[in-house]
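Pasting the structures here.
Two complexes, one shared chain (chain A), two partners (chain B, chain C).
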Partner chain A sequence: MAQMVETLEQQHKTDETALITGSEAIAVACKLADVDVITAYPIRPYDTVMQYVSKLVSHGELDCEYIVAEGEHSQFEIVKHASAVGARVFCGSSGVGWMYAMEALTVTPALRIPMVAMVGNRALDDPGAFGVEHNDALTVRDLGWMLVWVDTAQEALDTALIAYRVAEDRRIFLPCAISCDGAFLTHSQALVKIPAQEKVNEFLPRYNRGDLLLHPDNPITVAPQVNEDWVMEIRRQNYAAMERTTAVIKEAYADFERIFGRSYGNPFFEEYMTEDADIVLMGMGTLSIPMKVAIRQMRKEGKKIGFVRLRWFRPFPAEALAKSLGRFKAVGVVDRDYSFGSPYMSGVVTHEVRTALYSAPGPKPPVLCFICGLGGREVTLPDITRMTESVYQAAEGKAQPLTQWIGLRE
Partner chain B sequence: MGRLFAVEIIYRGIFQKTLAKNISRGIVLAAHQAGKPGISFGRYSDSPERNGIPAKSFAIVGTDQETLERGMAKYEPKEVDITITVDDTLCKGVESWAWYGLQPVNKLLKQGGTLIVTSRETPEALISMAHRKEYPYQLCIVKGTVSFSGLWVYKDDHSDVRILGTIARILPELFTLDSLKKVIQDEWHDAVKVSSAERAYERFTSTTVRPNQGNPETPYKFDLPKWHEMGEGVAIPSIPTGKQIEDPGTHAMGGYRPDRNPTFKKFSTRTMRPVVDFDTCIKCTLCWLQCPDTCFDVTPDGLYDANMQACCGCGVCEAVCPVPNCVTMINETEFRDNSSQWEAWKKDKSGYKTWLQQKIESRPERSHGFRYRGQYKEQIPEMLEIAREG
Partner chain C sequence: MATYVNIEPTQNLEPFKGVKKLPLEEYFTSGHRTCQGCESALVMKMMVKAAGPRTIVLGSTGCMYVANTTYYSTSWVVPWMHTQLGSSGSAALGTAAGLKALMRKGKIKNEPINVIAFCGDGGGADMGLGAISATLTHPDYNCLILMYDNESYANTDIQLSGSTPWGANTTFSTPGPAKRIMHHRWKKNMAGMMAAGHPTCRYVATICMSYGLHGMNSIRKALTIGGPTFIHSLDPCPKGWDYDPIQSHELGELAVNTGVWPLYEVEDGVLRLTGRTQQIADKRIPRQPVRDYLLRQGRFAHFTDDDIDYFQSKVDEMWHKWLIPGAIPFHKEIEADNPPA
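What follows is the complex of A and B.
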């Protein structure tokens, strides 16, 4: 018995390595974060998280209220209320499931609920499809949600812990959605380092709702109806909270590095082979894998190309990104999303990048938009070569279409 | 710059929405007859429009388009030529949102402006209900039973055109009787409505209300906090739990009075209030259980006292009370204060009984709009008679 206790203690102190999917990595993060209330409603690809969470609960590894609601709207409402009474919560969905929860998603940041959610990115219906598109998570981009995209199961696990740390910080109290590309990340297993519980405990303090705790000993009324005399002030408070997120995210990553001994460098975006690059491509999520492969190949051919992977979409790292992109002759943004009728008919990420550059003091390279990989379509090496050629043309001052569909049968 | 006219219509949400809209539309259309542009709008967010909650409609007219736009550039007029109150109980004040407290009915009225009230009361009674103003204004009563109907059913008792006829008399610069007559004919195709407007025009009388007349209370004032002074998360302190009540005779403590919103007194959200016969009450608890606003205080002797800080005048207590005539709804115009009936009864039981009987006998009938099929058929002829004969 003594030996067994010792083994358990030892386990708490040491990292382990496991072969798990991105969804499983998120479930493991829930266990490590000792989440109190988890709600679920099945929709692919998010439902894989449900499966892993229920296994953890049934194996006695995770002690939480696990509620399968009758739909996504209730699913998100339940955790919203649980969080208001002081519970650490987890939730998630995909595609039109996320959309069905929209009303609950809208009120969550306004009430300053630090919900952590996983979006298994999926194309919105119709047509019914399972593959990845980013339009689902992006629908909440203006509402006060923090939005982060990850590209590996390891990053999914680590980012979930960081998300709790940032969201539950009293200076913030905003929800955070972690986007994991459907299939590419949610369903593929990779070797993941699972941090020791002791380290997690050091990194992640208990959630303290403080003055906003809905409890008989702290009688408050939440969300009364107001008129135009109050709405602007309430919105301004959310603006202030979102303004503070950048600094709090930096703190969290620095502490993560200190405690876990692993570093993500710049928390907001990852740069790959950009030091000497003439041009760069940019994107979010698992796109990074084919991109890096293609870039390595093109580099062999003497092309100085780099890749920038955006992690945090909200808060959007406008100044830092504009400063970085200003170094290159042209930028190609790969949008796994669409924004029909928007300026130049470009994708959502492109618009954000262009806006960031427009008001920045430095150089403003041309920004091309490539709509690519919709519905989970593979982004192929020839696709990336085609995009690169167009960005080179733009770098040389030759006019290029501002929005191009790549990998389309035409 | 030309001249800007603004008229405000204060009405009871839902019950008088169509009536208010008819009046504000009529104003704009009649002014348009003489080439003056105007707009008519409901300030729905003055309150979530619910049964009986005070709400407002406005008509703004300019002598030219640019002048009109000067008026339109404001969320709502800051001062008006005419305030119309289509329910006389609103003379006590307007409480639309909780934090505004009770605001005077005549708050926006310009010096020399006119307050038009639909009522069967005397000018003296209405003047005593409305807050005092620093300057004189006119009070004009359009005689008749207050017109309540529903959102989808309208009681066409000519209250709308009678008020419009009155405006033509007060402010002919806004529109003339001839313009109005043409609009009524075009809108409603009803010669009787035209004559009702004409008669209101002819029978017009008004009273000057002087600065020393009216309710002397200082209206509730408030400051709106800055964004960083407000609590976060759309959370506000709750109302604390309640306390025991003191018996005015024995000074014994007992019973239970829930604490209530310190600002929102609901004084003018009701058009009727219950009076309770404590001598016949059997303490069955039904009124206390069924009241949707928790308005009943439980007294130390186990009775139920309708607290006027919380009563919305819905009449549920009267409907559920099993004892005949124990709870009776009385027109709010009969009352000048909001004091406890139970305390009055404790202090002087026979005096209270006399007061109670007098209130019940003198109560003018009132109802919350449409209650039963055929109701309007019974009520409209009486109103048309008033419109005809005055």
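What follows is the complex of A and C.
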């Protein structure tokens, strides 16, 4: 940490490289974004980000109101209100902590609060498990949160800056949660390019609450009682804001590339070895790491298989994804989540992919769901081989179960 | 010694010298649709009159949200924002923290702005207790949490809360032939709890807007003293208490004069009984029997004489046995002990 603080001191003009975890990378982004109010509450694995924030504050590296709340509900309510008076805010949680904040998470997009939060994805209780599952962040998928999954510390840092830029755009004013897989990303160190402060300042304008600012100079009444008279029109405004996110995200990534000289290609999903692929597997977050290893291995055996990593879950890139997936003979979606009782008992990501394909004009390859890696269970090479085999069978038109649990004890 | 509390100056709001000296400006005006005789609406009006125009108000869900902010006819002249039922503490803290950060970092003009978050008894004494408690431990933020206590979850149709008096008829505690007293929990001692439990909170007070000037000056003191502060207001509610709206003011007086609702303030750890409560304690005026207060309200209409006696005995206990009458409900063991035989 001390080392990190030192590097931060010299970095105003030039990019620096540091060996940091995903959580630390997000804390560095908070410093670079000059966040005004941050609230913390302990829960593994996200809490590491607040440990780094606390050190940045005590070392004089980050000038913010840093408040340790008495629970996640308050944690999110405090920053919600700070944002309403014009402060740039940061918050976060994991697993049941995120669920404890649910009421606050509900009103935040409704109030058009551009909060940026980190979710250190974690299995929901009970039973206790610290490892990654995506059900926590996914619970807010219908509420107006932008949701993005990242797979490296570098991407975590960069995406946090992009998230502020998009969320605080007056055309948007919606919150954004950055999902980082517990342990695999939150606690794993990697070399990260820390961009120069001047570049960040160019990329990220100051948060301007504008006409929605709560201040005696702008004495508005926020969130009045509207009832059936107006609630539909107001919901429709949120709908329209979410509709605009796709274009604004594209703009932000293009500017990111121009200013920082690094590119993420298609902002919404990453494709790995798909050009000539017959079938693809897809999923979100750090699943990409074992997947890419397995695919390289299987390619040596002559199997033409690729991987699609979905980055932005909200907005869901339905058209582009359907177009891309239409190129393959079959698709296997790896869900690090569950949706008990849902159609075909599949996982959440599978449902979104199937919905996207169903209404798309192009070909509709079969989509299999693999529930795998729950609670942080490792996704192994044999697991991936099994999934691949099944997807190949589906590609050949052989009936396969629509939902399969992989890596389960027999 | 080093200073550990990092606080910005507040507005210096001198006490009003009399009713005739009150400013004419209103910051809570027409447009609301509370019941006739709603004392909580009066609290809102007096609260912002006392605070003045450089104020931000946060209001948690309840009658004072639902009835006061109908879209396109808001009654708030000052900036106002809804907060969740249990979030008054967090709303006050977040607003104050946001303003403070922006002012310190030169992002907005540095000036004292009052931050007031209000909540009902349900939102405050029940659901929001933890958040209010947390906020009162943060010495660095200037904000006032005002709990308007109409003694029920009124907006949802009068259900009992932790602040509803013993025995009251609410829609969750309607008396019946098998059980006359459905609600047999004693009212939470919210202001005392806030004062005793948060030693660095510089100001806690109880008020009742039947004594308007007293209430407004408490609010001004709470906003001037610095740091987080708490005020608990008892508000007669014609709908929930079931009486003719014309009697609201009088019922507030009766609550104080029967000793059911003691008025006091705790300023920097010093407790002072105030207003009529001080006069009762000094025996300058008698404490009226609670019967006079209870029988004026339909919510106690099912009370028998025994019920009234029980209620009276509990109020007497509060005055005679509590370590600090009305505020701190501990008894000195030594007094209660029988001498050894």
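Basically, the second predicted complex is superposed on the first by the 399 of 410 C-alpha atoms of A that agree within 3 Å, B and C clash if a C-alpha of one lies under 4 Å from a C-alpha of the other, contacts with A are read in each partner's own complex, and residues count from 1 in each chain.
Operating definition for what follows: a residue touches a chain if its C-beta (ideal position, glycine included) is under 8 Å from a C-beta of that chain, and two chains touch if they have at least 3 such contacts.
Remember, it's a predicted structure, so these values are computed and weren't measured experimentally.
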### Query
So, on chain A, is it clash or fit between chain B and chain C?
clash
### Query
Once the shared chain is lined up, is A:A110 touching chain B (first), chain C (second), both, or neither of them?
first
### Task
Return the chain, chain B or chain C, that is in touch with more residues of chain A.
C
### Task
Kindly classify A:E243 by the partners it touches after superposition: chain B alone (first), chain C alone (second), both, or neither?
neither
### Query
Counting only touches as set out at the top, which of chain B and chain C does A:F173 meet: first, second, both, neither?
first
### Task
Tell me which partner A:M232 touches in the superposition: chain B (first), chain C (second), both or neither.
first
### Task
Answer with first, second, both or neither: which of chain B and chain C does A:I67 touch in the superposed model?
second
### Message
With both complexes overlaid on chain A, does A:D15 touch chain B (first), chain C (second), both or neither?
### Response
neither
### Message
Quick check on the superposed pair: does A:E389 touch chain B, chain C, both, or neither? Answer first, second, both or neither.
### Response
neither
### Query
Does chain B (first) or chain C (second) touch A:L212, or do both, or does neither?
first
### Message
On the A-aligned overlay, A:E77 touches which partner chain: chain B = first, chain C = second, or both, or neither?
### Response
second
## Note on the structure
Clash check vs chain C: of 79-87, 205-213 or 259-267 in chain B, the offending stretch is 259-267
### Query
Which parts of chain A are touched by chain B and by chain C alike?
219-227, 229-230
#### Entry: Complex interface listing, chain A residues touching chain C
34, 36-37, 63-65, 67, 69-71, 73-74, 77-87, 89, 103-104, 107, 206, 214-216, 218-227, 229-230
### Task
Write out the stretch or stretches of chain A touching chain B in their complex.
110-113, 173, 211-212, 219-230, 232-234, 236-237, 240-241
### Message
Touching residues of chain B toward chain A in the complex: what are they?
### Response
45-46, 48, 75, 97-98, 224-228, 230-240
### Message
Help me check something: in the complex, which residues belonging to chain C touch chain A?
### Response
53-56, 58, 65-67, 69-72, 74, 76-84, 86-87, 89-91, 93-95, 97-102, 104-105, 107-108, 113, 130-131, 133-134, 138
